[in-house]
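Letters are used for the chains, namely A, B, C and D, taken in the order the chains are written, and counting of residues starts over at 1 for each.
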Amino acid sequence: MWDILVSYCSDALLITGSFLSLTFAIGLLRFPDFYTRMHAAGVSDTLCAGLIVLGLVLQAGISLVTLKLLFILLFLWFTSPTASFALARAAHRAGYRVSEQEEVASSNS
Amino acid sequence: MINIILLGFLAVVAIAVAMMRDLFAIVMLFGIYSLLTAGIFVSLDAVDVAFTEAAVGAGISTILILSTLALTSREEKQPTHSFLLPLLVVLVTGATLVYGTLDMPAFSDPEAPVHQHVAPHYLNQAEQETGVPNIVTAVLASYRSYDTMGEVTVIFTAGIAVLLLLSAFRHHEDEASNLNDLSHHPVLRYIARLMIPFILLFALYVQFHGDYGPGGGFQAGVIFAAGFILYGLVVGIDKTRQMFSESKLHWLMASGLLLYIGVGIVSLLLGGEFLNYNVFAADPLKGQHWGIFLVELGVGITVTATMISVFLAFSEVRRSE
Amino acid sequence: MILAVTAIALLVAMALTLVRALLGPSIFDRILAVNTFGTKIVLFLGVYGFLTNRPDFLDIALVYALINFISTLAVLRFFESGQLVMPKDKESR
Amino acid sequence: MSTFIDLYNYWIFIFLMMVGFYIVISQGNLVKKIIGLNIFQTAVFLLYISMGKVKGGTAPIIMAGDVSYSNPLPHVLILTAIVVGVATTALAMALIIRIRKAYGTIEEQDIHEQDASL
């Protein structure tokens, strides 16, 4: 009973993770400017990584593999927001600004 | 199936590299190329190779090529001569090679000649003879350790040559180094400081767990160096140089190789062949264990020191003419 | 089965990211794409290990995550001062 | 058709090799030449590793049970070759920096012109 529940949970996490990673990849491809693309990529790096790795953890059971998976997850959760932050800052300093249309849209709403 | 898809990606990236003019974008794509190659190595069961490629190809190569670009120029000139002749040469060579493959055994055929020679011996006997379940480590550090000693010597020599070539252009103490680091970034500094101990710990794990899983001296050396490269990027090149003075690095580079050769000489003195570890202890398995451990340690030390000193040498080149 | 689906989804996502890396247009888009591609490959390797029933090779995925971070920082260090930024990066969005 | 299935991956490696070769002989920029050389080198690595693959095999780390393993020998050769490859790349990059300091350019054509005008 418990096993079945765990395996369903794992499947659900994996499916959600893969669905979201696809959507965010489409976002990375289709969004209009650099900062919106970065948004898609940044969210996918943390959220999808979390979902998929947790799904795998549930499959692995308790072992060294689980520990390594959790390390990977922790590592990704530390590094990818940091990298995104540094990248956004570098882009900002290089003179990128959020495009005009975006600013108008946000001031209207 | 997965193999075909990854190979397709690889081909696309290679073509893009050939077409592009912006060298910086090319280096970024080359990073992807390396990651993809490592993925293909995993799918072809070569986990140790994938490990090395991931650490070396994607990390160190990219950093070195970027440093070179920063010192030279980013844009490539349009070639003036015609591209037809090179294309012809390439097509003819490629066609010849394809003709050559027609005689090769089918992909993943277990009856292929490569699998008939020494490989079955390694696969069946290595664990009894060396006590190491990872056959790649057993072959690398024990059966063919003579070769590996040559490779370590090559790395050592290349490192020395890089240092000799670049030492003439070292910036003076009072000048700022050519590459600004990211030390004014508090977030990065904090995160990196948090992670570096774990990276070094992981490198030690890779070094000493290489008998049982993927890993070994080469990979551990590169990961260890990567930890200090991260330190250099985020905290400052000067601070890293304070930790590793030139003489200390030279000493480390040589000592790893000397440890390797020393193991061989000791085994000669104890009455065995050069690098035959069986003579180290009454029990051959124990002797093998010690021999492999020391040799891998030597490899790890030399690779670490070479990578760190090459990185520092590239980072300290004076920018102005 | 589910693992295979996840692996395929990750491969498709990798393909889309690759297209972004090839299209650019600016250098920052490429860096972003390379970084995301690295994360995708880390996840893919994890899933692949479970798919082939040898999940003990996660060390490779861990190294990838590490190296990916370091090379992104190595790239960014050249842009902090605008050393390598070309005018066309600023124009194209 | 069966030839294709048997040999397709060798052909892809040859393709990659030729792309690298093309970059080396047709482009004038020295950094790009080295990248081309690296692509060529990786194609050779892949060729070796794929020759070691055995159908239904797994990574050559002995585990319990009756399983077939891929050939470990190419792995050993290529593992060291990769590290040596990066060492030689570093050497090439150092030479390029040296050339740049001496000639002020890293384009093959300009270097030849300067040599000719001496």
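Points worth noting:
By definition in this document, contacts are C-beta pairs under 8 Å (C-beta built on N, C-alpha and C of every residue); 3 or more make two chains touch, one makes a residue touch a chain.
The structure presented is a predicted model; accordingly, all values stated were derived computationally and were not measured.
By the count of C-beta pairs in contact, the leading chain pair is B-D.
Taking the CA centroid of chain B as reference, the farthest chain centroid is that of A.
Put simply, the C-alpha centre of chain A and that of chain D have 33 angstrom between them. Averaged C-alpha coordinates put the centre of chain A at 12 Å from the centre of chain C.
Chain geometry summary: the mean Cα position of chain A and that of chain B are 30 Å apart. Contact with two or more other chains is made by residues 47, 69, 182, 185, 188, 213-214 of chain B. Shared interface positions of chain C, i.e. residues touching 2 or more other chains, are given as 14, 31, 56-57, 59, 62, 66, 68-69, 73, 76, 80. Within chain A, contacts with two or more other chains are made by residues 75, 79, 82, 86. Applying the touch definition to all chain combinations yields A-B, A-C, B-C, B-D, C-D.
Chain B makes touch with chain D in their complex at residues 3-4, 7, 10-11, 14-15, 17-18, 23, 26-27, 30, 33-34, 37, 40-41, 44-49, 52-53, 56-57, 60-61, 64-65, 67-69, 71-73, 76-77, 79-80, 83, 86-87, 89-91, 93-94, 97-98, 101-102, 104, 106-110, 112, 114-115, 118-119, 122-123, 126-127, 133-136, 139-140, 144, 147-148, 151, 154-155, 158-159, 161-162, 165-166, 169, 212-214, 218, 222, 303, 306, 310, 313-314, 317, 321. Partner chain C is touched in their complex by these residues of chain B: 2, 5-6, 9, 12-13, 16, 22, 24-25, 28-29, 31-32, 35-36, 38-39, 42-43, 47, 50-51, 54-55, 58-59, 62-63, 66, 69-70, 74-75, 179-182, 185, 188, 192, 199, 202, 206, 213-215, 219, 223, 226, 229-230, 233-234. Those residues of chain A that touch chain B in the shared complex are 75, 78-79, 82, 85-86, 89. For chain C in complex with chain B, the residues that touch the partner chain are 7, 11, 14-15, 18, 21-22, 24, 27, 30-31, 34, 37-38, 41, 44-45, 48, 56-57, 59-60, 62-64, 66-71, 73-78, 80-81, 83-84, 86.
Contacts from chain B toward chain A in the complex involve residues 182, 185, 187-188, 191, 194-195.
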